[in-house]
């Protein structure tokens, strides 16, 4: 991944991510988030994570965000008419943000002397590689995920049916 | 550079093919329904007057866009103007880019250069299709919501509930095929279907996965929102559903989107279940009949035959969808949901597990 | 049951309430007083010998210039006995109102609304007496004989469903 | 349409309208909606897809039929009756004429009775075909709808051959009918019926045995026999609940007692029963027509009384009495003695009654129609409660409201 | 990365098509406005307020099932591809996973989560 | 080649944006979306590190993060629906009661 591609993706990503939290209307926020996720998927492609990129779109952009949009529509959440948060909180957020970015800048300076990337295995990022590892090394988490999803269905149905 | 040009022209070809097929389907739908219903059908757009042959196709392809593009563009009061404008594009673009992964031929050999007749050879081909189809649901949701119209909202919500409900059986039906062929790459799957079972029967997906084919057909028609699954736009119920407040070229985009989806479904059925560009017994150097005869053919002719076979198969499945559309009555919302979740989904899951079991036992 | 039978039978069963009875052109008719209407109608429906379970029609006739001016006509039919009966109530213009039959037959609901709409005859305990064929702002009652056949109505404004929603009468 | 502003009402609705947390949606369906053919408006209260309440509003097609008739002579009312149930105009014609004849205490010749029966039954079939065809179309089975329209068209050709018009037939007259049947009528009916039977069996396979269609229709819009009677439902709507009431059998008119036919009934009172009852009635009507064509006697087609029916053209041009009779009948109308009569016939949608009051002048003093679908519409709100939005279309289709008749 | 170049090209082409079609009517069509015409269509009646109100949550329940089974489907894809290597072991692992989720489906169906009435 | 730190910094920035959103916005749905943004920022660093070390583990973790996110969203949005169905507001500040 070269610098041109990186910045061509990173700058829109950051701008759109800011729009997610800055836009007053939840519908637009959700759509900006979809866009962020889509760009991230493209980003994953450049990081040789093809399967994850597809997943990002299918699961995140295609399913989770549809659910968000559904709830926004069902609850009629229009514009954010709530009062702005207390000043202290706002200030804390901004200060915290600045510190974090500054820290990252520091990190960037330090890391200029990092070691080179490891060589990529033959089938890195392919479905086969992912699948064979997922269903051997990570079999237990995989089964637990199933149970987690079951719990989610039960929980959501119980809650929404009330 | 020449590689890029080849890629570019292949992609352009696929996009144009989808667009033109969309227009063609519109005409086939009109004339086809007319044939089915003992009517004459669309016959007004006649450039050359009363010729014995009416250039219906040409006229429809030209006259319809002209008509739709010169209609007034309408945004209702109180609607979200930006989203109302964007929604058709959001719905259409993911569909337009889906078709490029479908291989329409084996290889074309020109000047010693082997060109794979597939615009985008992705190793996650099937997942790409699923991803793009799952994005197109936004067009429906946003179109319905942004119009600020109750009918549109109902249509949008019905539409999104329907599309997400049938995405699961659609995906599961494909898994059966993936299991059978062990690949996500559409070109590879197509090539694998060139084999013969017992020397006679082409190893098409339909032979391995007949249940998956039926599930895929049903779910695919549901995704393209056509009768019997046209609830989101059911004219007699919701006026036009999510595109009630659309006019002119924006409405044309929604209509085109449905046709493109039908073409994608036809293309995928062809590729996954009916051998794609495979012609039975036709290999790269000509026909090898199971009864022993061979017929050598030049490679260009073979390629042409394959592309022709692919096109014919796609057209046939488009036509099949149109015939279904004009034959069956529409589902009701609760029937639709229970068909999707209580019948197709368990069936598809059972099909996947059964396929896996059979593979386990016999290989 | 022969036609004459019904009338005489009704005469005995509902004695004292029937002001007038006759049979013409195959239709048996009784005329009753407004105050007796609810009892007579429910008797006619409930009594097993009559069992007029189908209320075919309610309509009005305007004898403009005569007194009493209005007649409200009920046409009843019995599915069990296959006989018909016409019940009439005469009303003067000043007191053009009578009790509703909506609690006896559900079909009376809309029929009475139509009589109110067309003749301006009020049904006092009707659950939802509003115009049915004409619009709310319509002035007059068109089937009265003194309503000119070519009368024009003033243009009404479009109803704003926000300030004056449809279910807020 | 000024009517569009009409409001409505029911004060008893308890839905809190401006409560922003309410999940109840209000929706106005009609008058300009693809499925509300006949122009009605349904004010729906919805919870998602489910109908909590449905307030039916009619009157959009009100043209003052009763008031208009009071301005015209008796025979002039006949064309107005065409416009009542425009899917089966001949039945309306006949009903009006029979009631007027009742007031006159006359009986039409036997041939005329047969002709009236034949034409009424043809009209009944066209009405049922229209109803079923539209129901199929609205349920999405557009091709089946076209097939049924094709069948209807063959019958309209017959109607045209007899009356000269497809819909605005104005065929019956007080004391007879306008024309005799064309000489090859029986032949043409038989050809048409061959086509009809083929189309009907096609539609039977395509629609009435279609799983999706059956699931959509059965159990939907059901009403109990008690409620149906209380709502005054008649015709296919009542018969679908299992009550075998048919005016043609119960109180035969125009010689219906001469013919053999069955009264199809349903059991559930739901849309599928209504559909099947109508489908079967088409076959029964064809049976009646075939019997009538076999047994039709020759003879006059109207009463030979110059006070009631127009004299022969030869008489009008040839002698002064004929001319005077013609003149008086046309200008003053049939002089019907003072009196009143209520008579009902079996219309395509149910019992179609005319209540006529005469004051002895040449014009009716009061004309009242008992429109069958008015009662169906009154019950529609109750039938729909608890159903889904899609059920409105099938139920409304099966109630078969005809605006011209319901709103008059 | 090269394999995705056609996708980019197609996106651009599709974008152009969408752009042209979105604005064709705006540019070519006539424009007339009137108060009544600009109203959202509600069958010829003045609209009964904004359509943006709360809506029945029944639709949400189908969406929950969707999200769960969508995750299942994406887990199934890598499994299907490598199934021949995994053998019986992989089959049992997935069978367990699928059964767990089917329990969820059965639960929701039993709870009436998919009923629309 | 872009060094790994660039990816990590981008991930950090996205995460910060998410945190800021949680702190600044009062609309609970938007807060929820900001959380999703944070999750994605973490996913990004996982994928980048997987690439950096040539090891598939990072990508597989992303798989699980997504599944957990799906479960979380299903339940979380159900809670939001339940809490706000009977109320006019979606303001998180007004949600200070542990009952509804």
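Order as written gives the chain letters A, B, C, D, E and F; numbering starts at 1 within each chain.
Here, a residue touches a chain if its C-beta (ideal position, glycine included) is under 8 Å from a C-beta of that chain, and two chains touch if they have at least 3 such contacts.
For clarity, every value in this text was computed on a predicted model and none was experimentally measured.
Chemist: Through how few touching steps can chain E be joined to chain F?
Modeler: 1
Chemist: Which one chain sits nearest the middle, judging by mean Cα positions?
Modeler: The most central chain, going by mean C-alpha position, is E.
Chemist: Centre to centre, by mean C-alpha position, how many angstrom separate chain C and chain D?
Modeler: 23
Chemist: List the centre-to-centre spacing of chain B and chain C in whole Å, with centres computed as mean CA coordinates.
Modeler: That gives a centre separation of 62 Å.
Chemist: Using mean C-alpha positions as chain centres, tell me how far chain C is from chain F in Å, no decimals.
Modeler: 69
Chemist: What whole-Å value do you get for the distance between chain B and chain F if each is reduced to the mean of its CA atoms?
Modeler: It comes to 35 Å between the two C-alpha centres.
Chemist: Can you tell me which residues of chain B touch two or more of the remaining chains?
Modeler: 122-123, 127-128, 130, 134, 145, 150-151, 153, 157, 164, 167, 184, 239, 333-334 - these are the residues of chain B that touch more than one other chain.
Chemist: Where in chain F do residues touch two or more of the other chains?
Modeler: Expected reply: 63, 66-67, 70-71, 73-74, 77-78, 81, 85.
Chemist: Listing for chain A: what residues touch at least two other chains?
Modeler: Chain A, residues with two or more chain partners: 51, 54-55, 58-59, 62-64, 66-67, 70-71, 73-76, 127, 130, 134, 145, 149, 152-153, 156-157, 160.
Chemist: Where on chain E does chain B make contact in their complex?
Modeler: 3-7, 9-11, 13-15, 17-19, 21-26, 28-32, 38-43, 47-48, 50-52, 55, 59, 62-63, 65-66, 69-70, 73-74, 76-77, 80-81, 83-84, 87-88, 91, 94-95, 98, 102, 105, 109, 114-117
Chemist: Quick check on the complex: what are the chain D residues that touch chain C?
Modeler: The touching residues are 2-13, 15, 17, 26, 28, 43, 55, 58-59, 62, 64, 66-68, 70-71, 102-103, 105, 227, 229-232, 234, 243, 245, 250-251, 339-344, 351, 353, 355, 357, 365-366, 368, 370, 374-375, 377-379, 407-408.
Chemist: What residues of chain D sit close enough to touch chain E in their complex?
Modeler: The contact residues of chain D facing chain E are 1, 4-5, 20-23, 25-33, 36, 41, 46-50, 386-388.
Chemist: For a test of understanding, state which residues of chain F touch chain A in their complex under the given definition.
Modeler: 1-10, 12-21, 23-27, 29-30, 32-34, 36-37, 40, 43-44, 47-48, 50-57, 59-60, 62-64, 66-75, 77-82, 84-85, 89-91, 93
Chemist: Name, in rising order, each residue of chain A that touches chain E in their complex.
Modeler: 45-46, 51, 54-55, 58-59, 62-64, 66-67, 70-71, 73-76, 78, 127-128, 130-132, 134-136, 139, 142-143, 145-147, 149-150, 152-154, 156-158, 160-161
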